[in-house]
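In the two assemblies presented below, subunit A is common to both, partnered first by subunit B and then by subunit C.
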Partner chain A sequence: MARPRVRRSAAAVLGALAGLAFAVPLLWAVTSSLRENEAMFRYISEPSWRTLLPSDVTLANYAALVTGDFGRAILNSIVVALATVVLGLVISAAAAFGLAAVRFRGQGVLFGLVVLSFLIPFDAIAIPLATLFRDWSLQNTYAGLILPGLGHGLAIFLLRQFFLAIPAELVEAARIDGLGWFGVFARIYLPLSRPALVGAGMTLFIFQWQAYVWPLLIGTDTAHQLGPIALANMRGQFTIDYGQLFAGSVVLTVIPLIVIMRYQRHFTQSISTTGLK
Partner chain B sequence: MRKHRRRTALTAAALLAGVVTALSACGSSGGSAPGTPGASGPATGTLRFVGPEEPKTFEPVIAGFEAENPGIQVEYTQVPFDQLNNVLQQRLAAKDSSIDVYTVDQPRLSALAARGFLVDLSDLREKVRQAVVPGQYEVNVFRDKMWAVPIWTSDQFLFYNAALLKKAGVTPPSRDPAQRWTWEQVAEAGKKAQEKAGAQWAVIPEQIEQFYQLQSLAESAGGGPGITGPDMLTPAITTDGWIKAMTWYHDLFANKLAPRGVGSFQTSPLFSEGKVAFFVGGPWDVGVFGAVKDLDWGIAPHPYFAGGKQVTPTGSWSWGINPASTQQAMARKFLEYASLDPEGNLLTTKNTTIIPSNKAAFDTYLPTLDALAGDKSKGVGEILTYDAGNTAVARPTSVGYIQFEEIMTKAFADIRNGADPRARLEKATGEIKTAWAQLR
Partner chain C sequence: MSGRERPGRARLRHRPAAVALAFLAPALAALLVLRLIPAAMAVVSSLRHTSLVTGETSFVGLENYLTLFGDPAFLQSVRVTLVFSLIVNPLQIAAALALAVLFTRRFAGVRFWRSLVILPIAVPPAVSAAIWSVAYRPDGLLNSVLAVLGIPEQPFLTSPAQALWCLIVLLSWIGVGYWMMFLIAGLQDIPASLYEAAAIDGASAWRRFVHVTLPLLRRPLAFVLVADTVSNFLVFAPVQMLTNGGPEGSTNVTMYDIFTRAYTVGDLNLAQAEVMLLVLVVLAVVAVQFRLLRAGD
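Now for the complex of A and B:
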């Protein structure tokens, strides 16, 4: 009786330690964002409880973020990410539906291409793609920022696997009752696939939220700057405003965190049911 | 998550042509209208200017220029410092006409010019030669042509924590350039401050792993600039001077006089905290340390090795014109205002502490810098003037400088972390030779 309990306690302690190891740097970043610049590194070389808990809390760093270019950049990031999720889901779901529900010649090859597409790192094609986009006058436009995020191979793959699990009899019955292909897609597949749509949507969201190389190449003016670029711009050439840098990092982390917390149940569900028949 | 493919993106692009049109309307297009590069272009319009500084740095010079030139607006775009060179390279190589003027890191000028990324400004060379402080004309010349105009220059000083030195019973270094301290003196006094006054670190070079700062160590020890040969494509970093300088640098960290694990430009907060006896930093630090409450500090000339040459780092940024720009006439006007006009050049230093390259602006600026931190910064102007005329040595001019600097930064980092200086410099020599093979 005692042995499993000891083992369980040991596992719990190990788990807690691992959790702490991940939490400490984040906690330090949050604490530092609430500090004045002068006190930023005061408690690093001689660690004490003050290293991780702020003693004199100030919101000045966050206030400075709002007044600077960062606020605008965060709004831009949200607009770009949301537009990508909405438009990207429409495209990915339609493609996945075609690959899962409709039979046509060359389907296997096409699906192979989709799988291949997300195995190639986007950064590898970013530079030639940026040259094309520039030729099309898409630099410094929201369209230029959004377009590369729309057709996402992984999102199509996730949705297609989920769609395969929908019984063919259901589709046949609907077709016999006179429902067209669009009706089958919109009234049967989409409502049944909420978890997979959430999973694919999060994939698209995170792709855009983390984008760095692409916006640097295509959207650098202040009006179209995205959050990660604005954060990097805080690192001046001669001096670094650490307070604002930490505050900016916290904001950039908290937003996807909220999205993930809100939808994590669906996300795990979509992964665990993907491919079930 | 960052996996993707051009084909998919292109398909998406085709599918969403309508959406594109609608969305494009939301943003102002950069407008790369096809034109003839090299043509002088229109007399009015919007100039696009790219650099790594915060927008507020250039607000005064842009406002000044716009006031003098009605009908011309300047739109500034900031690119993060660490990515500036890569982004510029990509956009300039693609003949991106949405950049008219861009900032040029002076040691990288020759590489940019050799690749055809800069407009030849040789017709301005006489004007520039007469208008700027010593050394700032030459850094813009490559293969006998002038490719950019100088905006800023720089120098390095020895900052000291007066309270720590007093506690340790050390007389602080003099401000007089004739009584410049040696590195040996600095290390010894710093060690004393560690032992007697509780200083955490004896001496920290601000750009702790950067060639800009460390070249002067090797030059002072007689090691030369690190690059030699008629085409400046032969590495020379294993000379006795380089080995001596790098051994001293290695020992600085091995003997715990300076910290490992802190990056370049992350070092000044340590001095601000009052934990460092000596700090080797730039003019920008005068403003930074001046703003710190309760920090008792002073300033002295940059040190040199006993028996060696007195050498100080210099160089900063120039501005150049993109050959693909369709607005070169306006761009040229902007460059002349920011570099040759003392008033314009001075305005580039209004919101940041940096030294203007223009001679007249330099002279006007010195009293401002002297008074920036009250008594603490007094005498900076005199040091600057002396260094500019006597000890300043720029980074070597070579088409291979970009690769050279990147390899050297890694070598410095390894030596700092304990690698044997000679062996590591020999390894770096091999790496540089390989990287340069394609440039020859």
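Now for the complex of A and C:
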């Protein structure tokens, strides 16, 4: 039985090559972020194992990040993403409850509005929305950065699908015992829906963490810049500080990576159910 | 899911609409103000024209759209977007499918290598663009790799012939692992007994792939095809950070063209008309998705 074994090792080689191909740019960014600026391009022009593996490690680039504008931008990104997740989950879960736990005339129309709102790509309506936000003096405010993340139809949709599976008998029993509607929502639906809440929270977090077009339009002053914008601006400067550019890239990647790994199970679950079933 | 046939439900219908609306109100307000009203504004604005001389805005019907179709820059951007879409979407889906098939096999370290392919989904697009912009420099990582292989230095982002390909490679690095995850989920839903039956019938690996895998993977494939196409229509950060639409307009995709029109040229009305055209194309693609998903169900 030599053939299956040959096949299996061929697959292993291909798999390793593919994995490495995707990992090399990130590995290179991490290594470069740990290097003095003068040494940055030396290891590129003479490629060796040192191009991808750190030697003479220094944390100077990260230290410089913390004291510079970029540290502030990262902090802004964290504040904006956290506020979006917390407020967005409250708003979306309440809406999903209104769409799933109670039946009323016109519900279909409202659900249709929710679906319609996430079929319209956000980046495409960023221009008219930015005009509105400027009229409302929301430019360069945290509210201006956070608000667009809150009207997230997909989060409502995901939570509604989950809420629909909660048996009505449970709600009836609680109502007969004298629990109010808010009690039903907060004490029955929310505790039962942890996986869906994590999935929706991840959707909100990643939407906000990866945002570029919107913060470019609305958060331009140094006090309200988000991480990706500060990173892009670094490239526009006369002399680019590559050490800081790479260190900033690593920080902006590690934070969502930790979140994704912590909630990986829910993340893959929500991925495999989005649009497939 | 109709609640009507459930006994005892009547007791709950104590002004249900008022209760539901109270819970729905914040979200509906958010969706209305942050999504639907701006969309409606874009429609109205695309039908108006602001005079540069008097600053007055007036209704002009479809004139903005006619202006666009007579504008060489717009037509060039449509051409670039079309070429870009026709290359990047099949490429990414073929790569995602090949990797999904590979990583659903069993071999040493499969989970580790697979997680490396998925890793770029954690990277924000602006960060990917920043890292790759250094890699694409004349003295960057890619040219040094090419030098090792004995290939002469390439201009990459500064060449009209190569810049679009550079973006395609970068976007595939970002996206292929993500789309692969959906296809892996789809592949894992296919019962192993079907492959065993096909193998007993003497079907070759290729025939098993074409006659078992592909038909049963139709739904996730259709979803990935559409979601990928839509997301590639909306590419902006890498273009703005790496090429600014150039050189010679060779990477001036629609999203970038819209933003230049709105904020560099400063014609918001014309930009909104272009937004509308883009949204129409996106909605058409989504409509085709529903067709694909429904056919054969």
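Here is the rule we use: the second predicted complex is superposed on the first by the 248 of 277 C-alpha atoms of A that agree within 3 Å, B and C clash if a C-alpha of one lies under 4 Å from a C-alpha of the other, contacts with A are read in each partner's own complex, and residues count from 1 in each chain.
We adopt the following convention: a contact is a pair of C-beta atoms (placed from the backbone, for glycine too) under 8 Å apart; a residue touches a chain by one contact, two chains touch by 3 or more.
This is a predicted model, so every value here is computed, not measured.
Asks: Clash or fit: subunit B against subunit C, after overlaying the two structures on subunit A?
Replies: clash
Asks: Would you check which partner chain A:128 touches, where first means subunit B only, second means subunit C only, and both and neither mean what they say?
Replies: both
Asks: A:150 contacts which: subunit B (first), subunit C (second), both, neither?
Replies: The answer is both, since A:150 touches subunit B and subunit C.
Asks: After superposition on the shared chain, which partner residues are touched by A:220: those of subunit B (first), subunit C (second), both, or neither?
Replies: first
Asks: By the touch definition at the top of the document, which applies to A:239: first (subunit B), second (subunit C), both, or neither?
Replies: In the superposition, A:239 contacts subunit B only.
Asks: If you stack the two complexes on chain A, which partner ends up touching A:28: first (subunit B), second (subunit C), both, or neither?
Replies: second
Asks: Classify the contacts of A:138 with the two partner chains as first (subunit B alone), second (subunit C alone), both, or neither.
Replies: It touches subunit B, and subunit C stays clear.
Asks: If you tally the residues of subunit A touched by each partner, is the higher count for subunit B or for subunit C?
Replies: C
Asks: Is A:58 touching the first partner subunit B, the second partner subunit C, both, or neither of them?
Replies: Neither partner.
Asks: What residues on subunit A does subunit C touch that subunit B touches too?
Replies: Residues 41, 45, 91, 113-114, 116-123, 125, 127-129, 131, 147-148, 150-151, 153, 210, 216, 229, 232, 235, 242 of subunit A touch both subunit B and subunit C.
Asks: Residue numbers of subunit A touching subunit C in their complex, please.
Replies: Per the touch definition, subunit A meets subunit C at residues 8-9, 11-12, 14-16, 18-20, 22-23, 25-26, 28-29, 32, 41, 44-47, 51, 90-92, 94-95, 97-99, 101-107, 110, 113-114, 116-125, 127-129, 131-132, 147-148, 150-151, 153, 156, 164, 168, 171-172, 175-176, 181, 185, 209-210, 212-213, 216, 227-229, 231-232, 234-235, 242, 245-246, 248-249, 252-253, 256-257, 260, 268, 271-272, 275-276.
Asks: Tell me, which parts of subunit A touch subunit B in their complex?
Replies: Counting only subunit A, the residues touching subunit B are 38, 40-42, 45, 69, 83, 87, 91, 113-114, 116-123, 125, 127-131, 134-135, 137-144, 146-148, 150-154, 203, 206-207, 210-211, 216-217, 220-224, 229, 232-233, 235-240, 242.
Asks: Show which residues of subunit B lie in contact with subunit A when the two form their complex.
Replies: Subunit B reaches subunit A through residues 1-9, 11-13, 15-16, 19-20, 23-24, 26-32, 50, 52-55, 75, 77-83, 87, 90-91, 94, 96, 98, 200, 265-266, 268-270, 272-273, 275, 282, 284-285, 288, 292-293, 352-354.
Asks: Applying the document's contact rule, which stretches of subunit C touch subunit A when the two form their complex?
Replies: Contacts found on subunit C: 1-4, 6, 8-9, 11-13, 16-17, 19-24, 26-28, 30-31, 33-39, 41-42, 45, 99, 102-103, 105-110, 112-117, 119-127, 129-135, 139-141, 144-145, 147-148, 173, 176-177, 181-182, 185-186, 219-220, 223, 227, 230, 233-234, 236-237, 240-241, 255, 258-259, 262, 268, 271-272, 275, 278-279, 282-283, 286.
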